[in-house]
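One chain, chain A, appears in both complexes that follow, with chain B as partner in the first and chain C in the second.
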Partner chain A sequence: MSEHQQIMKEVPQPVPKGRLRRAQSSRSLWADGLRRLRRHKLAMVCSAVIVLYFLLAGSIHLAELCGWRVGPMLWAEQVGQSYEPPSSTNLLGTDIFGQSVLRKTLYGAKISITVVLCASLVSIAIGVPLGAVAGYFRGFVDEIIVWIYSTLSSIPYILLILAFAVVLRDKSLLGYKLTGITAVYLAIGLTSWVGICRLIRGEVIKHKDREYVLAAMSYGCSRRRIIFKHLLPNVFHLVIIDFSLRFVAFIHAEVILSFLGLGEADRPSWGAMINDARIELSRGVWWQMVAATAAIFLLSLALNIFGDALRDSLDPKLTNDQNKYE
Partner chain B sequence: MLVSMLAIEARNSFFLASSLQLPASIRVSRTTNVLLHFHFSSLRQMNFALKFATLEISRRAIRLAKKKGRFLTGLISVVFTTSLLIVAGCDGSASVEEPNEMVLRHVLYTRIKGLDPGNMRDVYSVIVGSQIFESLYQYHFLKRPYELVPLLAEDMPQISEDLLTYTIRIKKGVYFQDDRCFTGGKGRELKAEDFVFSLKRVADIKYLSQNWSIFDNKIVGLDEFREYTKNCSSAEDVDYSRQVEGLTAPDDYTLVIKLKKPPQDGQAHWPQLCTALADISTAPVAKEAVDYYGKDIISHPVGTGPFKLNVWRRGSYIELVRNPAFRGELYPSEGEDGDAEAGYLDDAGKPIPFADRVLWTIINERQPAWLLFLQGKVDATVIPKDSFDEVMTGTGELTPEMKQRNIRLKTFRDPSTYWVGFNMADDVLSRNKPLRRAISYAIDREKFIELFFNNRHLVAHGLIPPVMPSYNPGIKEKGYTRYDPEKAKELLKEAEKIHGGTLPRLKIAMPGTDTWYRQFGQFLKRNLDTVGLEVEMQYMDRPTYQERVNTKSAQMFSSGTSASIPDAQDFLSMFYSKYQTPGRNKFNYSNPDFDRLYEKAQVLPDSGERRRLYQRMELIALEDCPAALLNHRVAYVLHHDWYKNYKQHAFAYGLSKYRRIDMAKRTAYKN
Partner chain C sequence: MSDELLAVDNLKTYYPIKKGLLRRTIGQVKAVDGISFGIEKGRTLGLVGESGCGKTTVARSIVRLVPATAGKVVFEQTDVLSADREDLRRLRSRISLIFQDPYSSLNPRMTIGNIIGEPLKIQKTQRHRGTYFEQVAVLLSKVGLSPGHINRYPHEFSGGQRQRIGVARALALEPKLIICDEPVSALDVSIQSQILNLLKDLQEELGLTFLFIAHDLAVVEFFCDVVAVMYMGRIVERAAAEELYRNPLHPYTRALISAIPQVEQSQRGQRTILGGEVPSALNPPTGCAFGPRCPLAAGDCLEQTPMLKEKSNYKGHFVACWQLI
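Moving on to the complex of A and B:
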């Protein structure tokens, strides 16, 4: 019995009549998961929030490309005196140079989300193939890879990121100069692939002896085909779940790096805003801190809830509450 | 603090005992892990963590020994770990204070390097060392403008007609502190020969003194002595009895210093000899101490001053105690106007030092130091930038809370100037004076001081700060640093013509990456954006910054300097063409007129003529605009009202002898 069928057996079948036929017809793991996810109201609200954030970041990128001068793009404009508290004209007050904190916060979404996406891609690109190869081949290859990631994970995470960010700063890679923000997402990506690598390795080891892999082997498929065509698609939902949960950690890493002065120097980011606020708080200027943390809080919360729901619906065996989705 | 330390100690012994009684090894190691985690929160507590680690190791060793029967191995491990445990147990807790002792309590923000005056350059070592060692002259504690008065010398030097020979009489009855390097452990009397020895020691190349540049090419025969030491095979081989013509002691209480004749380009004559003789690098050290302690002398200072070293725990604290062999000195009985009202003359004519002990706690972070100050455990402090609003109201007064705590505020004009410098070796900037001036006009200095220094600092209208004797009161009217964006825009058009096209994006190097520098950088960028000039801020750590500036590869850079002597030389030598990078002239500025005046002024004693030359040089430099001057710093310090005679001094460090504590007020302080 394939794993999929096993899952289907464990999950209680839907009761409503209209959907009976659809339920009985075979659904892919993904369609099944999405169907379950769609019933989770809170998760859908969260996904809307996430989409909004992404749209915001995307439109800022677009506006920058096209040179539009609207909304958050005008963050550098002086809209009032320095350190004006929130009022009806400046909803979230102003910073040291009289810039609108609201605009800075919106603009900050671009930096954070870009960093997170790029860093995730880097870490997935490293972690997933390494994990799959280690899990499939075992033996010497496995030992080397495990040794590498064990070593890497034994170094405190923040120190490692800092070291990478410092080393990568102002270096050039393939003729492209790594400025502040590029160095940041490379640093985060290069240091954070251990978790996903471990996860995929474990899962591949588990799947290796399953019937569908044995079947592929008996057909004489090449190893590459088995790993990338058969094994990876069956464990890839883990990558998505991991990504959605790790998203928050990446945002925090960006914030911490900016806070330590290694991030974006000239343009606003949430980390830089919090860093500024550290000094300003003692003079009673709380609005920059509140604006940046609220932005991070909302996105983190949405991502966490959505990530949990996604995990539960894609991997129902893991759920804490079996009856939650049916 | 001591009490809390004891509490931690007690708690730890409890845990030690309890973990010994736990039989299951897993439970013990879990406890240990938790404890390790818990205790790593502070460096001092790492010590305790070490204890647990050693305990864990020794316990495992015993177990191993029992199991495997390797008794000897087990025994050795136990002995080893027990000794580790003992070592870990030795931690630097401060000695207990007597109730009626007068103790000055200060904070040092970094650990000090060493207490050997011949090789002392970092300011924190100088602060501590100046209480132990004395030089021939010192600055008058109260009088302003700053004035030199004799300290180890009997009087001011007799200077020959040709201004080249200085005859200095030395005080009788000055004794080195008691130390085991002297026969019988009793300090001997100070002789003129000690000064000769100490100066030769600075010249000795085997000693590698950082202070040699002060004496380079100035005293007859001293450079030859340095050459001679180059040929010695080791430090022990250097013969200090070798004669140096310009450095002699005709008798025990007379020192004669001969200066080199000024050659054609006027580079050697040295009117500032007396200020150099007030520097701690010229303080006498006893040959006995140098021989006895060898390289260890940096931690065994043997001086003539009012205090001597008692305890020095590197990275933790330094404690000096009153030197019983000190000859005695009296508190000055005259000062500048207003000193009597400020209470600085209350102790006039009394014997100093007042304090029995001086204690410096080494604390790297400003915030904990500030909290110690509020608790009354430190006498004085600077105001941490972040706590400014807690301390001061918008009108520049102390907040009611501070007043209620009887905390006093002192402002003090630091002889310093800060600027954005232009690298005159850069192609774009060097041949484009309108561009440089446009940048200078584009910066709103008043706004800068308002935003970044809470309106505390002064706008720099010229190079020489207002506290210096050669300050030009009319410099503001010249308008070199006025804020005039319209003029800047006009000049930029001119600059583009000279450049022959659009100006490239200019780069400004900032010596830091933290919030302060980032905001400062944004401020400059915004100012220059307003007049239509594009700049890129480059934030870097200080070593990178220094390397860029010193290799002439920084286009523009933010920096500043403060005077080390009450003479504008420190500001003007930065523009002398012979001192180009890696020397002091980071601007790589060169102007023959300026150089000529500089050489002329260098050989003049401090006089009206010298000051006039300084002012002319300042105008030449400002006209060429090698820097956009920004501000002069004004320092704000706070102290508790029990801390008496706390008058700020820009150049002197050995001031602990004047300070006094009002013991009743200190005892009454409640935090």
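Moving on to the complex of A and C:
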């Protein structure tokens, strides 16, 4: 009864105009989520790290386009003897050709970041809608989509990427010629959507018979709106988690493909550097591996923490939001 | 019959059972098997029956959340089951639903304001006054919640409050008919009475018509004008609430009513205890579905299905039983 009385007491009070107006300003899940995320300090630090990596990769792309010859763009220049250990002149030492490991590491961000970005975008763009459609409509559509991804996932991963990369190589897409490395990016994306598609499908099946979906149908929500406004926000956290975990696998895939000669084997990438380190380590040359590993580690850590915080901030249940009415 | 807002005629909803690689239909569950009733404007029809007897399927078939197999549903002179997309959308703004489980019927990632306001957005109705947010605030205060809650998420509310939110959403489009699918069975008793009183007040204020589905007979007695009792996808008895409770005819209804707990010793009558169990819907008995458990069953009962007929001398009291007609 106390609840009732409490509610009844609240009723007659008119809503202060200001509160209502403020209530109108930030209402969507994403806006609320971002607001909560901004208060998470560690996540903000991590997002700064991620932004730095992206800026680095972006500026290398830009420098390459404009032909600037500064900083990491000069990685091919010989700066010292072969296998010079780290010193004040060469902060991270040199590799077998006497090239600066620091410059190579910085330059390597370009390929790794581009791989992660392209592969993620391609596989989200394919996996999420397919999974949602399969889970929501079931029946014949579902059978076909499940058949496609079961078939894809039964083929060994490397073999599949190789096949895609070879097929896509030197083809043109939307008037843009695919060079070796772009084909690799696409190939990784085209093979890695299976996991996310399966996750989304399962989760959509779980949610689609919940009463809130029926309620939405009962007042005339279109199917598209149900999928995108009701179901996807409830399953999207899986995408975030999946990608903060999968990111390292993308970098590895690029490493393997570069090693097999399908990538951009003549330019430095973190994968290629670690690959070189296999032989170097036996000679006590550790700096190349440490530099590449540290670069991957820092990015991976930042992405994981940020992904986790983003997931939490998008779940209204996990916040204890004192400033709801601020 | 002209003042009937909703008329359901011989509604049947069968769920196919599919099996094997080719998804062949190997049988069907007759969830709703030929149901007819009408609801007059401003009145409340109660649909009662035990779990699995098809009550919810009736509700969902009426608004086409599940496809009906056969029959006719007429709402305000429009045939719902054959309505095209545009008609259906319009119909859905005039019939709304309140769901059973207030924990799953609200989208956990939408704010209360968005949950209640979404029907308004979708139907894009112009007849409402004021801005979108004013409307939502009015709806909230109508169901006894503070408009200041507009930006909160469902998990911050108790079961009773959530059900009020569900009611507010159902009211958003100013519907004529509200189908309440066990709106109080997930709530505890003190909250049940709050929600029922709220619904009653709203009915008076807005002239609403209810189809009220429940399995709690005491709730139905309090809330409904006419009561229909369902058993295995069919209506076995229908009468005005008072009449049905005072004078139950069908043996199943009698057993149900004798099972209502009574406080006073003097009101406790002879308890009718039914033997056996509800038969499988996959393989229903021939004849009267209640036949195998019925104390009166004889002759025709096990061979032919009884139709719902008005009992002589009892005006407006319909019963489906060979032994009583």
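In this section, the second predicted complex is superposed on the first by the 209 of 326 C-alpha atoms of A that agree within 3 Å, B and C clash if a C-alpha of one lies under 4 Å from a C-alpha of the other, contacts with A are read in each partner's own complex, and residues count from 1 in each chain.
We take it that a contact is a pair of C-beta atoms (placed from the backbone, for glycine too) under 8 Å apart; a residue touches a chain by one contact, two chains touch by 3 or more.
Worth saying up front: this structure is predicted, and the values here are computed from it rather than measured.
Once chain A of one complex is fitted onto chain A of the other, the partner contacts of A:230 are limited to chain C, with no touch recorded for chain B. In the superposed pair of complexes, A:29 makes contact with chain C only, with no contact to chain B.
When the two complexes are overlaid on their common chain A, residue A:214 makes contact with chain C while staying clear of chain B.
In the superposed model, C is the one of chain B and chain C that contacts more residues of chain A. In the superposed pair of complexes, A:159 makes contact with neither chain B nor chain C.
When the two structures are aligned on the shared chain, A:45 is found in touch with neither chain B nor chain C.
Chain B contributes residues 385-390, 451, 513-516, 518-519, 521-523, 525-526, 537, 539 to its touches with chain A in the complex. Partner chain C is touched in their complex by these residues of chain A: 1, 3-4, 7-8, 10-11, 13, 15, 19-20, 23-24, 26-29, 32, 210-212, 214-222, 225, 230, 233-234, 314-317, 324-325. Listing the residues of chain C that touch chain A in their complex gives 60, 63, 65, 88-89, 92-93, 95-97, 99-101, 104-111, 113-114, 118-119, 122-123, 133-134, 137, 141, 144-148, 150-153, 155, 158, 160-161, 164, 166, 169, 172-173, 190-191, 194.
Note for the complex: chain A touches chain B at residues 76, 82, 96-97, 261-262, 265-266, 272, 275-276, 278-279, 282-284.
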